[in-house]
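Below are two complexes that have chain A in common, paired first with chain B and then with chain C.
Then we have the complex of A and B:
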């Protein structure tokens, strides 16, 4: 009885979560006539798969995709690298004012992006980076407070003796980072990578502010172009949105398995 | 292979002086234990030798070379950590070869050295496994293997057996002893287990609050402790102590008396004591106390508890002056709780300490003396054998 209730509740909640996705999906494949029908059609009779292709070619989405891919890949690499290195520094090196600096770093998480927007624009403008992809990539090479915090916690679970053993084995600080800590924090890196990937992939405000030419646009910007002043191409928006969901879904699928696989993480001590 | 000389080693953590001027001369090929109570600085001393701690004074010389300024990797020292500190993401082979590959040893040689170490430690079948898939004893072996492959001048081991269960500890103890014999390399071993220190070591360093209390062979520590600390730390159950007064009595003799003692005890010393004023302490080990009749006795007391261990009985006695003593009697000794017993302290087994806690070197009987000498020379002979 309780079991039935639990399942019922779970199915209901799942349905609640899935519904918007389902709605987007059917909107993408509906014919024009069914699109505005009232009451709404939940089960399109005329599924138009070609809507995806039509939407894709209404704008230079191949260019947008290339731009998005460059931004996401380059910035994710930078984020993984810089955040883990900074985390390693905070976790394993003793220097004057370390804790104060760390607190300041954490405090930067409190500053909303909206506040930084204008100064950032001025800064990138001064560097001549406006209307290039650099403002979307380069900051990732300077670490992100939350990821630093996450990875530092992870490193701190590794006994210091492992570092010392490596040092006795002849490893320098860089080699200890590269050959010991980086492989050990793989699960945490996958997590950070996934988070960052999602942020960069879905980022709208950044590209909107820093990019001017259509040839520099990312996918999210291109998507918004369907929303014209007078009319909105709902079918194309839904179709591209569905396509935009695919890479994160694939990533999530693999990342999840990786994070679940405890073989790599933990188990340092016996 | 090389000996280790430590001169005036000082180590502070902030304002806390942890090592207060350590001087040691460890010979080539020797197995030396650092023994002492928790917090006395054993690990700190070991880590200072390894270079994992910066020292605040003094120096360390390994094989004639001052090493205090060198980074750990350049010291030619290998260390086995208490929690093994194996690299969790590498299999056993990689764990063993990591240091070699970092140092640019050719692949073929790495393989040879790893396989050789694995054979010595009987872990050849485990080379493909991750540390997680090993038992405690196997991990211990891998940790030792990681030290062996590097063929260092000096092995440092920090309580390597403390994470193992009692049975395995004994096995590994024997294996360590064999390994030392086989490799002939100088080893320093940190432990707070007396039995390990006494059975494994050529010589033992007893540390007390950051100072060397005594550095000697196991039997020396037991039969000729140089001070109260060593006397009470070595041996189980602990040595019993009694406040006494002392006076010189003829050539190389010390007469010990106290109000509580029924009769004086005259102890034979190696040299005539210079100044015997002030309070003294008499020490006697539980197994040297004899339960006798009143006419031979030095003191008497009441039995509080008898612990029967089979081969012996540990008799806990409250002396008439209120002190608690432990005496060891034969397994079938009839003493029972509440009994009034008489104790005899045979003079040849008594230790005597001055007001500063320093022992007067006592004259040992011929048997003990020759045993100690033999322990000293055994090591010397082994060493010469290695040098050939």
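Then we have the complex of A and C:
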């Protein structure tokens, strides 16, 4: 009885979570005649794959894609490097003020972005960074609290004897970080990289505030522009939406194991 | 000679002391440039009339006075955000918990279900909005078609002030995968023996949920409670793109009010004051939740002392 209820509920809820995706996908590939048909067509008879290409050339999406790619790749590299470095510092050294600094680091996660948004805009404006990709890339090179926390938890599970043995053999702290901990951290780095990739790829408010010129737009801005330009061009909007969803979905499928384990690891070892 | 060694020793000592700070220096620098600096800057700005171009002028607490006494939009947008939070926060936690409890049973394909529930959390806010705009569409939307099958005449979801906020709540709840994942992790760390012992003593299933699961999960529930409140207050992307604050400002969120003051009206000082009010409200709410948590959060390995001295 209970099992039947469990499966029934799971299947029903899954349908609710999947249906919007499916609906968007078939909207993207429908022909014009089926698009506005009523009752709605759930299984298009005439699948138009070329809708994706048509939509892509309605705006300079290759430029947007290039910008998104630059932001995502450059900032992910910075995030992985800086967060792991800081995490190693917190996990493996005793120094004055460490615990206080670490608590401050955790507390920064609570600060709403809205409070920082306005002064950051002024700051980047003074630096002459408005309408460049820098505001979306540079901060990633200064470590993010959540990722530092995650990686620190991971490093703490590695026996300290490994560090000590390496030090005996004459390795310095940098070498221990670079040669031992970085490779050992790989699963956690995949997790951090995936989360950061998704945040950067999906970011809308950052580009919206810091970029003005269409030649600097990222994909999310381009898609939102679509709404204004061709409000009725549902097919193209749906097609670009589908394309925008693909990279994070692919990445998620590959990194899934790490995400689930990571969520478990960070809470149990907390 | 010994002086050289001494100096060398001292230098080595100094380097050793400095090393950890070098490792954490990226975050320290980032903290000053991208967190503390902006915070202080924004606090100072909130006491100024500070346009983007032109002269700024110190005006004391006038921004705060105007906001609280002369700007009806401040109260209206705050009320919209509170209404949103009153729906979003409980549903986010209860539905997240429901999904987590369902997945925590030994079900076949639980990995697949878990992935499905997490999928919407992976996509962007802009994509999510375009998907839901099409679902809610008055004429062609699939939602009203499905309701029609059940004989219900669906409203114009995004065009009706009575329904637009609820529509945004539902669209936001689609992304509750993160909450589910956190609660699921919490569930998996509850010792199985507790349930077995209760089962043997004949405790029924619903009672096991209330007297074992909920208390054991309470630290995680506290965490999701606070993060949901913060998420509710920061709600901007979905409303900005789905309804633009309308109809009749029924979805004009507090975050949108800040955004408009800063980047539409270019009143940077006023917007900074707005954002500090938001920060203080979030802080106060989080503190209240934390304070109350000693009464309802159970930490394993912490013995309850007799009586309720702190309460």
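As a convention for this text, the second predicted complex is superposed on the first by the 242 of 270 C-alpha atoms of A that agree within 3 Å, B and C clash if a C-alpha of one lies under 4 Å from a C-alpha of the other, contacts with A are read in each partner's own complex, and residues count from 1 in each chain.
Methods note: a residue touches a chain if its C-beta (ideal position, glycine included) is under 8 Å from a C-beta of that chain, and two chains touch if they have at least 3 such contacts.
No experiment lies behind these values; they were computed from the predicted model shown.
Of the two partner chains, chain B is the only one touched by A:180; chain C is not. Between chain B and chain C, C touches the greater number of residues of chain A.
Of the two partner chains, neither chain B nor chain C is touched by A:147. In the superposed model, A:169 lies in contact with chain B only, and not with chain C.
By the touch criterion defined above, A:234 reaches chain C but does not reach chain B. When the two complexes are overlaid on their common chain A, residue A:6 makes contact with chain C while staying clear of chain B. Of the two partner chains placed by superposition, A:56 touches none, neither chain B nor chain C.
Put simply, chain A uses residues 263-264, 267-268 to touch chain B in one complex and chain C in the other. Chain A contributes residues 2-3, 6-7, 9-10, 13-14, 17-21, 23-24, 27, 35-36, 38-40, 82, 85-86, 88-90, 93-95, 98, 101, 104-105, 108, 110-123, 125, 139, 141-143, 145, 148, 173, 177, 198, 201-205, 209, 220, 223-224, 227, 234, 237-238, 241, 244-245, 248-249, 252-253, 256, 259-260, 263-264, 267-268 to its touches with chain C in the complex.
On the chain C side of its complex with chain A, the touching residues are 17, 19-24, 26-31, 33-35, 37-39, 41-42, 45, 52, 99, 102-103, 105, 107, 113-120, 122-127, 130-135, 140, 142, 145, 174, 181-182, 185-186, 188-189, 205, 220, 230, 233-234, 236-237, 241, 255, 258-259, 262-263, 268, 271-272, 275-276, 278-279, 282-283, 286. Residue ranges of chain A in contact with chain B, taken from their complex: 159, 161-162, 164-171, 175, 179-180, 183-184, 186, 263-264, 266-270.
Residues 50, 52, 71-73, 77-79, 81-89, 98-99, 102-103, 130-132, 134, 136, 139, 146, 150, 163 of chain B are the ones touching chain A in the complex.
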